[in-house]
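Here's the structure, in structure tokens; my notes come after.
Lettered A, B, C and D in written order, each chain numbered from 1.
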Amino acid sequence: MGVFGVEEASNITYLGLHSLQHRGQEGAGIVSCSDDKFYQFRARGLVGDVFGADEIGSLHGAMAIGHVRYSTTGENALKNVQPLSATYRYGQVAISHNGNIVNAKELRTQLESEGSIFSSTSDTEVILHLLARSSQKTFVNRLVEALSYLQGAYSLLVMTENKLVAVRDPHGFRPLAWGRLGGGHVLASESCALDLVGATVVREINPGEMLIVDKNGATSISPFGRQDTKSCIFEQIYFARPNTVFSGRSVYESRYQFGRTLAKECAVAADVVIPVPDSGTAAALGYAYESGLPFHQGLIRSHYVGRTFIEPSQSIRDFGVKLKLSPIRSVVEGKRVVVIDDSLVRGTTSRKIVRMLRNAGAKEVHVRIAAPPIIASCFYGIDTPEVSELIAHTMSQDEISTYIGSDTLGYLPVVSMHELLGGRSGFCDACFTGDYPVPVADVAATHQLDLFSANIEPDSSD
Amino acid sequence: MGVFGVEEASNITYLGLHSLQHRGQEGAGIVSCSDDKFYQFRARGLVGDVFGADEIGSLHGAMAIGHVRYSTTGENALKNVQPLSATYRYGQVAISHNGNIVNAKELRTQLESEGSIFSSTSDTEVILHLLARSSQKTFVNRLVEALSYLQGAYSLLVMTENKLVAVRDPHGFRPLAWGRLGGGHVLASESCALDLVGATVVREINPGEMLIVDKNGATSISPFGRQDTKSCIFEQIYFARPNTVFSGRSVYESRYQFGRTLAKECAVAADVVIPVPDSGTAAALGYAYESGLPFHQGLIRSHYVGRTFIEPSQSIRDFGVKLKLSPIRSVVEGKRVVVIDDSLVRGTTSRKIVRMLRNAGAKEVHVRIAAPPIIASCFYGIDTPEVSELIAHTMSQDEISTYIGSDTLGYLPVVSMHELLGGRSGFCDACFTGDYPVPVADVAATHQLDLFSANIEPDSSD
Amino acid sequence: MGVFGVEEASNITYLGLHSLQHRGQEGAGIVSCSDDKFYQFRARGLVGDVFGADEIGSLHGAMAIGHVRYSTTGENALKNVQPLSATYRYGQVAISHNGNIVNAKELRTQLESEGSIFSSTSDTEVILHLLARSSQKTFVNRLVEALSYLQGAYSLLVMTENKLVAVRDPHGFRPLAWGRLGGGHVLASESCALDLVGATVVREINPGEMLIVDKNGATSISPFGRQDTKSCIFEQIYFARPNTVFSGRSVYESRYQFGRTLAKECAVAADVVIPVPDSGTAAALGYAYESGLPFHQGLIRSHYVGRTFIEPSQSIRDFGVKLKLSPIRSVVEGKRVVVIDDSLVRGTTSRKIVRMLRNAGAKEVHVRIAAPPIIASCFYGIDTPEVSELIAHTMSQDEISTYIGSDTLGYLPVVSMHELLGGRSGFCDACFTGDYPVPVADVAATHQLDLFSANIEPDSSD
Amino acid sequence: MGVFGVEEASNITYLGLHSLQHRGQEGAGIVSCSDDKFYQFRARGLVGDVFGADEIGSLHGAMAIGHVRYSTTGENALKNVQPLSATYRYGQVAISHNGNIVNAKELRTQLESEGSIFSSTSDTEVILHLLARSSQKTFVNRLVEALSYLQGAYSLLVMTENKLVAVRDPHGFRPLAWGRLGGGHVLASESCALDLVGATVVREINPGEMLIVDKNGATSISPFGRQDTKSCIFEQIYFARPNTVFSGRSVYESRYQFGRTLAKECAVAADVVIPVPDSGTAAALGYAYESGLPFHQGLIRSHYVGRTFIEPSQSIRDFGVKLKLSPIRSVVEGKRVVVIDDSLVRGTTSRKIVRMLRNAGAKEVHVRIAAPPIIASCFYGIDTPEVSELIAHTMSQDEISTYIGSDTLGYLPVVSMHELLGGRSGFCDACFTGDYPVPVADVAATHQLDLFSANIEPDSSD
């Protein structure tokens, strides 16, 4: 989330981060800029807990970038909470990074071998070092050079004393939307944040595009060679908020259609369709519509239960899920229940939900997942677990159904998903297919040897 | 919430309070008892914020009572957070009170005139004083005597060193449910808390019943004269969680039926039915079912937004409601939308929601409330505002519709509500009708003069 | 500490409490009054930690009383932090109590038998109850009646909506000083607090005097029968700050003279006199002057070490005292050292200091105590330990010297102490002699039966 | 403060930091090492506030370094609290720095021009970068190379996964003492910290010495060319604790002798000598001894007043100093008072003390400073203000006396100071004389151009 040219930019950023909270709950930070001076605050925790009026009040200026952390690389430590900032020869720079740089380790080793020190374990810090090493004359050129070494997924906001630069990697793995607010500009991972702060959506930043916003307005360049677009299909399925729109496609509508198709592909005789709230609601409505079964709230979610609670030492089982979700007995008792969720990762939550529904009297429990089985880990910024923990990687569909205790289990077929999204091209679907658009293991082999040769040689004549 | 005879009673109580959090967000407290010693902790805030592992760990014993505060009388100050506890001549006593004692002020004046000092401004403290003043020989008799002076609504849990007593006032205004857990007993305002901790629901405590739980088991007495049952109809409509069951009637089911009837009573030509999440969902499903209109999620609710946030000084309007609720444009754009909520109190939130839906492109917005207009304040424990702030008290239905900006506005008729709940008798519906079962203004006039004459005279021969 | 008729009374009170911090470190509180409304804040901890600008700013009004807690009765819990306040039939009242009511337990039992409930375990709460029970027509008469039941030591400040009343018990055990500030009045346990806030000392409140300060000015009455003055001699010796003046006698000067006499009474051949800082400094200077020996800082005190620190599990011994006091080797090495302290209670600290000095190279260590041996516990407000923990109660002087490891040990003789303070009469010296002016064991036997008969009988005709 | 080879090294470090708290109150940190892993905690505030049992418990291992921050360069921000740590190509390194690197800015510019990024504004971070840039084969050689670029004052502790290196700059501006504890080693700025933890003092680290401690024991090297020793004379006068010993010279003894000489050089007819506690005590005793005047405690210091307090908006003047210091009227009333302090920097505190003494009745107030006038700022690690704020830089002695309101004012002559410390050579006395041993303005000009040429050229062939 970034803001340029709007009074109280840090407050606008803070409000936007609230609506992006689902993208990361580990930490939050904002860096603002006023009169060439940077103001910053970061801490571990949720946006609402990290920032009070004092903190927001101290983040002066009409330009700011913010971040909510969801660790895919680096430990969950204060030093890794973004935006990262540093000073280098040309001044100050702060950076918010969404994604995952697959050759970060190689770059770090290379940078260290040339004398760089690292104060975080985040992959984002390499970008700061690459920027500082560049001998290009302008900031934009330095940033282009720095980014040219990166492989992987990055949607970035980079702030200097006088500009805000938004960049999306050439494959466009992770989203980044652009809006206008008053005379200023707002950039955010999802359009829902633009809506919240009252900004008008302009469009999404294109894969490989760099948008430079300064006092002269917004300039778009595309400095990187053209590559196939590979936008993350998992954002549509699971990660983004339903009121977000990607490429003109409403996330809610996509999920509703997934539900309809699921009803056709995996029909079952039943009495009621219920969602796992709130993630499964859109798909469940689609399923109910297509199947003609009644839709009901069979599980309700508590709005007050935070992330931690204290369990008795002799614990009644499954308190965690029971505090968050409670069955409505009158809806499920004696019924054949179809329960719809948006994904099934490890299987542990589904298992608890099935048991909870049976305890509430459900006669049959049919689990339907409005997505294909997740069989591979993401290396481009979604924190999927190791493949060994992915239940669809290690078990057949029948085994999973037995494990979670459902009468039947059905998934959305991969082909149906592609069909509904208008074809496979343009999307990264590695988590469902194992086809990785950017190789991970042997990545970055080519670029490495001559890294920085351009910008270091001139230095040696200092 | 109270627990007797279960290890780690304070932890069970704490978990139950989580599921009752919707009943009060101002403060929370637990008093436990182990080996004749009371342990207590109270603070302002939500259950999850008030208690950490240290606090729960320090509340020893197999008996405990807890409370979530929602102030109807007394300021929102630490000294008013319950359970209240005190020592008196026979030992220690702690009390959790749900309801509102309408003659508390008179009793307090009377007690003060006889030399009592008050350390809180809560109406509950008078019960402690009355108990201490009683000259009856047994605790139960003292409690019966004390309660005989009270007028109004009370569901109480009273704990001494060796017993837990549950009482519901003779009219049964406020709910109180009884369950068993292992060899012990659990009491809670709503059955959802019993479900959560894995207790088996026994039944509700009857109006006027006193249940005494001690090491000899549970004994029920009905020491108060029989009076008409007047259980709160607003619990069904609004206050209770949908997975709670009152008198065999599922709250979710009641609300669904309200929605169906609403569709019949206030039909309108429209394209989509959406609920105000999460309170309007059950009724909206009933409305959609009956009307044949499609049901959709047109508004989504954020799970991360707490009670406070920091607004820019030049505020974009309505940030509060926008942080909590966001419209899904693809659902409402160009549509005639019926939006269902469970109540309309001051009209300010509805006004914001109507505007939000219109901004998201709704062509028409029809507001339907799955309850009758609220025209009178509650004096029995629900924190409805002064009548002057009740929009249905001061405006006609048309005026309200104009105020909130809706195309049409419809309420559930009072008679339909009664019909659906099986008749008017047994319920207090004062908020919808203005018929107060216990007079408020001149209440308690009879009892007052001879108050305590019985138990004070013996003292003078000490 | 209390203030009447001075703007920002709570801030003046707060500053005064800082200078009385040595009188109690367990908790602090202030209650102020503005326009008949009481504002209050109390918490456990030091004055500087308890109060921030927000707390002080919220304590409105030109009248306030404050307290620093040092528990002699009642647990160290929030509920016992003073000033206590309550409402009763005639309005609000707050009270700060310095001292110890020896018949508090009997009074409490009596009050409970008449139906009072107690919300603290502090002996001060009985005063509130007695006040509320009185049927006298004026506040002052009610207070006189309430206090007439008390036995023991009390210096009180009592605040109502329109008056501040200062009272000292008839024996005058505990001090209480009166000053003027601008057009207002300030009352404090020690004159040092008056000095700090810039008030002019008027005089001490006399034993048995009640000073009533209201908008008409200050009125003095002496409602209690005349009794022998028994002001606490331990205040002079140990408790009060050296810049406090009692009855025209500077505490610093008294201690200096104690040191001089000690040098005469317990002379020893030595090379250097050092104080235990800061309590022994005045006496050590007197000792050095009289003995002709050089005075040096042989021990220095850290200003940064708080009350708690974390010790290694394999602890180097005596970290506690070493963090607070450090020897200066160049002062004591190879020397015969006389070390002066103001008291020797359990002997544990002296033992550590002697060892510390020997480790720093002292050839001989002679301990001199500028007070007589403490052989009896205080029941009037000083927190001396049980007699069994008083080393001078259980050991002879030689045994103590052996225990603490000193070469010689000397105390100020009781007769010298009396001589220096102008005779024995007027002082309570129970801690040094065991002669208790108010009997403790069988106290209050006479008053008890007819307690409250006067004010309760009229109530029964209500 | 650093510890090697002692169990619970972080706890030992923590205790030592307590006794060095006078050296810095802005922040504190500890980095420990166990099994090649670094554990760290830093925060703003005092040692006792920063560290709790949890923090200390989480800092595992038998090696640790700690730091108390007192900012001479860099803002007072969390990012500047030391020890600083980072990873670089050879692993992890942490560093505690006492002193001030005068060419830090030039080095930073140079490093930035070669692509380094800085995450703090502390001058210490340049050392980490220089270390990372070095192409030497061993850690010690890299450290030697890095330090060879530094100009100015530094006593350093540098920790890697397997060694603790202590270094003092060639001039030896800032102190550093070495001790043994059990089989391990302890290093600290002052010997008082070694005493506290029970370590035996070995000796001070010599100017220009590097002591390498690892599992093979301690090795001393002197890799830097010999330069004149310039140890800080201000440590003796003011900064160090009186129980510290430098070069065999007790700080207490030095100050006592300064007082004696001051009495000879600036005699005045008076009745009593009093110190400004606690800093002026040693000198005041010397003054009293030499002058034959009685020494008394005329000012007492509160042990409870923290760094902040809340002043009334209509402030009684000088609350700050009055809360910390209070006059004893009986000592100064009607007397001619000589008040001794150890330094007079801006004159504001002295002015308040003189007024306080006069208000307490002093007939005459003669201020004597046991040090020469401070006429120049320190650039080597003592946080003296800008020269424009140094009263002795801008006013004559008579003008100062008038400003602070004293009857007379006397300083210790510079020559006397030198005489008492055994000559001028070996000391930096720039603050008293303006003679700076290391030029500050045009420093580091020579080294700069070829900086890193050695270690960067090989990189370009990578």
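Assume contacts are C-beta pairs under 8 Å (C-beta built on N, C-alpha and C of every residue); 3 or more make two chains touch, one makes a residue touch a chain.
Remember, predicted model here, so these are calculated numbers, not experimental data.
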Rigid-body rotation angle, chain C and chain B, from Cα fit (steps of 5°): 180
Between chain A and chain D, centroid-to-centroid distance (C-alpha), Å: 48
Distance from the mean Cα position of chain C to that of chain A, given in whole angstrom: 62
Interchain centroid distance [CA atoms averaged], chain B/chain D, Å: 62
Where chain A touches two or more other chains at once, by residue number: none
Topology of the chain contact graph, where touching chains are joined (line, ring, star, complete, other): ring
Pairs of chains found to touch, sorted by chain label: A-B, A-D, B-C, C-D
Complex interface listing, chain C residues touching chain B: 85-89, 109-110, 112-119, 121, 128-129, 131-134, 449, 453, 455-457, 459-460, 462
For the chain A and chain B complex, residues of the former touching the latter: 7-8, 11-12, 14-15, 18-19, 21-22, 25, 46-49, 51-53, 56, 192, 195-198, 241-243, 245, 250, 252-253, 256, 277-278, 281-282, 285, 289, 294-297, 300-306, 308-314, 316, 319, 322-323, 326-331
